[in-house]
Structures are given as structure tokens and as C-alpha cells.
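Let me begin by handing over the structure; questions about it come next.
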Amino acid sequence: MMAALLEVRGLTRVFGGIRAVDSLSFDAHEGGITGLIGPNGAGKTTVFNLITGVYRPTAGTVCLAGGRLTGCRPDDVVRAGVARTFQNIRLFARRTCLENVTTPILARASYGPIAAVLRTPSARSAERAAREKAFAIMEELGIERFASFQASNLPYGMQRKLEIARALACSPKVLLLDEPAAGMNDAETHELGETIKRALEDFGVTILLIEHHINLVLDICTHVVVMERGALLAHGTPGDIRENPAVVEAYLGRRRRDRA
Amino acid sequence: MFLQTLVTGLSIGSIYSLMAVGYSLIFSVLSFSNFAHGAVIMLGAYIGLALAAKLGLGFVLVLSGAVAGAGLIAIVNERVAYAALRRRGAPSLYLMISAMGCSMFLENMVYATIGARFYAFPEFFKSQSVRLWGSSLSLLDLCAFVISMAAIFALQIFITRTRTGIAIRAGVNDMTMCSLMGVDTDRLISVVFFLAGAFAGVAGVFLGIRYLVYPTMGWVTNKAYIAAVIGGLGSLPGAMIGGLILGVLETLVSTYVSSVMRDVFSFTALIALLICLPNGLMGTETEDKV
Amino acid sequence: MYYYYVLNIFLLACINMIAVLGVSIFTGFTGLFSLGHAAFVGIGAYTAGVLTYHWYVPFPLAILAGMLASGIAGLVIGIPTLRAKLRSDYFAIAILGFGEALRVCLENLSITNGARGLSLDELSGSAWVVGALLASLAFTRSLLRSRFGAMFMAIREDPVAAEMAGINLFRTRLLSLVVSAVLCGASGALLAHRIAFIQPVMFTMTQSTQLLASVIAGGMGSISGPAIVSFIFTALPEMLRKLEMYRLPAYGLLLVVIMIFRPQGLMGYREIPDLLRGTRDLLLARRVR
């Protein structure tokens, strides 16, 4: 059994009387891909916002490798080792793709304003190292040819990949992907799945994935957490989930009927 | 003496409230700071002044004229300077810059055409006063307070009881959803601007009567912005209460400490409040939608 | 005589450009709105002016003191208002209140000689002014090319995503404010000793709007654009004396028109060298798609 890297315990968030997330507990195991699925409005993105400190939980804790993340500001959460992408892509639109990816690396660089203004050798080398690292990440994801393009000019699928590259540039232990395949066709989705698996191997990150393409989830995830109305409905391996009657009823079953 | 100071403070505070409510109304619907609000107040005062001095109208007609005029100016202002930005979903920074441009344009056009002269309203309230519990309270103070509070109360009823008012409150929560539900957002926003402008007109007339009418008189709106922050940015009851509190405290400071310290005080109060209560008295914690 | 007149305008334009650089860092690169940067110019002017007037402090030290005082004022306003959870409107409103409070103080203190103003010595010679401008340009360019520039622009583009890239919003915004206030302070100290006379009315919202207008018209996210425009804005009114009355309304109208039709301003997130490169990128982009 792999160790739990990210532990979510009793996580609850109430918005004006509605329990958007209701005492949710689950683990994301080191080196695995954990899928977080559930119908629209089940509170999946809210879980991401709670983990990353964008929202403050009403109750419950999130720990990364034993250290508490709850109550930290988002930038501290990132420093602790959690990075994310957004459901509705949020790139630095008017900067180049390379600059998008260098930004998180530079944010962690240690030189101060005086070194920056004097352009000391250490500042220069830190900037060069950041560019090289960013370019390497982009190469890994196969988007290096767009390096000098303005981010907003990229095709949609490439923007998604660029966001993943930017998140990887935070050197995360855990990477949260919020519907990375949204709006993609089957071929693109399949390719994205390969990219995610590659990222897992090459960067050694643990992945938590929100996704509606159920086949992608069952295909690449090692573990699946199913949410319904803010609460945990089921969890287990993709095989378990496929067979779980409650899940089939609440989620998969209804979808199958919809399609028929 | 204290009661008199208190009533003066409440009267000034009620004018701040009027301005702050107008500003907050626009802020809560479009979520940007309309820095042209002061210019609309100034124009309202000039309209009132023209009606009073040139046409010799009575107080009620002057006030109605200023309300209608300032309301229309606010609508035109929105249509010309914000509508295009709003429709293409421009960042609120752009709207604030555009608002500032309007303010600068209007103020300086008045300066260039009418001139920098200070004008006084004819004396509507002579120096009549009402005796109450041994203090003499000025009729102007009482009138300003009562009319301002009545206007804010009417707005409250409008917003909670009428169809348009309810649509406005829905727009506060989600403008896009509102337009998907078939609400004509352009018309709704015009109504919001008319209301804010109407409030600006009342405030302009009272400011003009209390002080004088001149091109940069709208700068007093800074106080309304501060009042809105004290009450909690975007909250209408907060804006009203913030205005009253600021007016009373300022009057107390200028009576018992020094009138020079008044403006320094309101800034210090703002900073102190932001340190202790960043969301103001009645504001809710803001969290970005991600 | 004519030579002196032209030189004077040139030097005033240079001094103005330093303040515009400051506003450009804050508004153009960090995406925050300010209607009160003239207050920082005023603090720099009065700090330096009072020091040379009353205590005969050497001019270079007076400039440094002016910059320091503006920077501290930036901290005082920025710390309560730039916190990550607060909307940028809070800062915009607080700085308006600050400008008003500052004017009242300046008008009523005896050390500043109140509303009548201070007459100073004309110490800002050409060498000082041009030297300060070049230093400010070099400073701004280096800062914006560094990691701090990257962080400023990330915040401008998307504060939420910036925070999720590990950027401390509060500290980075505060740094941007303090740097811009320091530049405005330097501009004020030079201005005071160039026109040799300062009055509180020289540092009101009207001046703040003019600074903002230069940045917007020149292009947010550009250094060269605002620099060029601030030069035009200083020199043009001198040539069009007759239209002086309509200068400020024209600035106001310009802001509205730019926001509606060309929010990127003259240079729009570019510098002059980029314009040459831009054409090439555009062609490349077509091919890849």
C-alpha cells in the first residue's frame, strides 16, 4: 500500500446554509492518480479551492505529508507543494508562453529587489536557470514551439497544456487538475491522458484529477473518489467504482440512460 | 450644544449617506468604483442652482428638477462611457479609468464654460431654527436629514417590493444569469444609474445650499467613498450607516477638536477601520469565484 | 532667452516622466488603479523643499529624503489596503482620502508656509534632471525585467492565478506601490527645485489624473509609450496656450475614448523594439495555425 501524501479529513464548507462540501475525507496516495468525480454541482471544484486555500473551510483539515495546509494562504500552499490548474483556463494572457511558465519559478527565486535592479550575476543566473527549466517543462509536454507566442493566441488545447506546464513549474508534490479535458474530443482526451501519465513519471508528482470524461478517469486513475452533493459517495479502484451499485445509480447509470 | 452638534452631524452624515448609497448601488451591480459620481453631484447642484436663481422656482421644484436632471446625466454617462466596456466584459480597472475621465471632463468643462466662480443658492431656509429641548436646531439640518432618510427608505422599498427592484437585487448576485433569465440588463442598469443620479441630485442641492456651488465641489464625494468602505463596500444599509457615522464623527471632531483636523480624521478613521475590520461594519467577506 | 524657455520645458517634461514611470509600474504593470499618486509627488517635493529651505540640507540628501518619505507614505497606505483579500477599490479610495488629508496638512502647517507655498532655490540643473531620468529609466527597466516584473505582470493578468503560482499578492503589490511612490517622490523633489516654488494645490487629484492619463495614453504595460506621451503632454500645452482652458477636459475625454476604442493605448504592452519583432511573430503565428 502506498503512503497517503495528501490527507483530507472531515472537510466541510457551508455557503449561506448550503453544505457545498460536507465532511469529506479521502487520501491521495503518493505516486498515484486519484480521480475526483461526481455530477455537476457535487462540490468538486470547491474541494480544490479548499485544498489550495482560495476558500477557508468551515471545518476539517487538509494535510500534505503530515503538514497542515488548512488556514494557509494560497501562495503558501503552493510553496508547500500543491499546484493546480483551473476549470476555466486562467493564463497570464498577455505574456508569452515561456513567461507564463517561468513566473512560478521566478516567484520562488531568492534574490531581492536590489539585486534585481543592479542585475547582479546571481540574479541573472537565477533568471537563466528559470528560463531553462521552464523550457524543459514545455519540451516535456510538447509545447516548446509556442514558447515565444502570447498565451492568449494559443489554440484551446494548447492553453490547457500550458496551464499544466505552469503548474508543474511550481515544483509540486501534488498536482490538482480541474477538468483538463473539458471541451476536448476523444483523440485529444486520449493524448491528454498520455501527457498526464508522462507528467506523473517524469516529474514524480501525485495527481488529483477532476474530470467528466469518465473513460479517461477509469483509464488512467489508480484510485477514484466519487462525490455527490458535497459528500463522499464511494471510493476505491476504478474496477470497484465501475461495479459499485450506488455509483452506477447516481452517476454512471444516469449518464448511460441519458445517452441511450 | 451637544444636541445641536449631533443634529448638524446627522444632517451632514445624511448627505454623505445619499452619496454613498448612490455609489454603492452602482458598485454592487457593476462592481466597479464609479469615480464620476462626484461630477454628477456637482452637475445636480448647478441644475438646482439654475432653476432657483434663473427661474426663481421654489425648493420642491428645484429639488425635483435637480433629481431628474442628475438622473438623466447619470444614464447618459453610463451609455457613453461604460456601456461599451461593460458589454465586452472589460476589467474593472478600465471602467474606473473611464469614470475618472468622465469626472475630469465634466468638472473641467464646467470650469471652462461656466467658470470657477462660487455661487450661492437663494436662501430657502433663511436662518430659521426649531427649538427642541433647549437647543436651537437649524431647519436646513432637519430638512436635509429627513429628506435624505426618506429617499433612502423609498429606495429600500423600491428594491424589495417592486419587480424592477427585485431584478436589480438579482443582478447584484449574477448579471450574466440575470440576462439569461430574460431580464433586459441594459434597461436595468439604466434604472440603477438613474437612481444613483437622482440621489446625487438631492445631495448636490443640499451641498450647494449648505456650502456653495463650484466646479470641484464634487470632490466631497471622497467622503462618500470612505463612508461606503466604513459601512462595507457594496452594502446599501452599510453605506447609509457609514455615512451617518462619518458625518457625526467629523462634526464632533471639527466642533471639539479643530475644523482643520476633520479631513485628516476621516482618512485616519478609514485606515484604522481597514486594519481592524477590513470588510467594514456590514460587509461580508469577499471571495473570488474561481 | 528662447533657448532657456525650451530647455525649461524639456527639463519639466523629464521630471514629469519620472513620476509617470512610477505610475506606469503601479497601474500599467501591476494593474492597480490610483488616483492619488500626485500626493507622493507632493510628499517628495515638500520633504525636499522643507529640508533645503529651513535647514539648508544638501540637495542630493534632500532628494533622497523626499524619496524615503514618499516610500514610507506608500507603506502607510498600502499595508492596510493592499491585503490579498481586499479589492483594489479599497486602495483607490484610501489614496483619495490620503491626498485630501495631505493637502489639509500642507495648507495648515507653518513649516510648509501653508497655502501660500514655499519659494525655493533653483537647484535642479540640467545634469541633475537628465541624470535622474536616465537612472530612473535604467532602474525601471531592470526591475521589470527581473522576477519582480514577472510577478507584477502576473498579478495584473490574473491575481488568482498569480497567487496559485506562488506569488504573495500583498508583498508584491506593496513593493510595486513603494517603488512607484519612491519614483514619484524623486520627481517631486526635482520639480520643487526646478520651478523653485511649491504650493499644496500643485499636488491634487487633477495632477494625479494627468499622470494616469499619460500612462493610459502611452499604453499600460509599456515603459516607452508613457514616457513618450508624458513628454508630449508636458510640451504640447506650452505650444497651445490659447486652448489651455480645454486641456483638462481633453485629457478626461481622452481617457474615456482610449478605454472604449484602444485600451492598450499607444504602445499597448510593447516597447519600441517589440514593434519590429511583433510583425515577424504575427506571420509565424499564422503558419503554425
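Note that the chains take the letters A, B and C in the order they are written out, and that residue 1 is the start of every chain.
We take it that contacts are C-beta pairs under 8 Å (C-beta built on N, C-alpha and C of every residue); 3 or more make two chains touch, one makes a residue touch a chain.
On a predicted model such as this, the values are computed, not experimentally measured, just so you know.
Between A-C and B-C, more C-beta contact pairs join the chains of B-C.
Chain centres defined as mean CA positions place C nearest to the mean of all protein CA atoms.
When each chain is reduced to the average of its Cα atoms, A sits farthest from chain C.
Computed centre separation for the pair chain A/chain B is 45 angstrom, with centres defined by C-alpha atoms. Inter-chain spacing, taken between the CA centroids of chain A and chain C, is 39 Å. For the pair chain B and chain C, the distance between C-alpha centroids works out to 29 Å.
Within chain B, residues 287-288, 290 each touch two or more of the remaining chains.
Counting partners per residue, chain C has 160 as the residues that reach two or more other chains.
In chain A, the residues touching two or more other chains are 54, 86. Those residues of chain C whose C-beta lies close enough to touch chain B in the complex are 27, 31-33, 35, 76-77, 80-81, 83, 85-90, 92-94, 96-98, 100-101, 103-105, 108, 159-160, 205-206, 209, 212-213, 216, 245-246, 248-249, 251-256, 259-260, 263.
Here chain A touches chain C in the complex through residues 52, 54, 73-75, 78-79, 83-84, 86, 90-95, 99, 102-104, 106-109, 111, 113, 116-119, 123, 126-127, 130, 145-146, 148-149, 153, 155, 166-167, 169-170, going by the rule given at the top. Contact residues of chain C toward chain A in the complex are 84, 139, 142-143, 145-148, 150-151, 153-154, 157-158, 160-169, 175, 179, 221, 269, 281, 285, 288-289. The residues of chain B lying in touch with chain C in their complex are 27, 32-33, 35, 80-81, 84-85, 90-98, 100-109, 111-112, 219, 222, 225-226, 228-229, 233, 260, 262-264, 266-268, 270-271, 274-275, 278, 285-288, 290.
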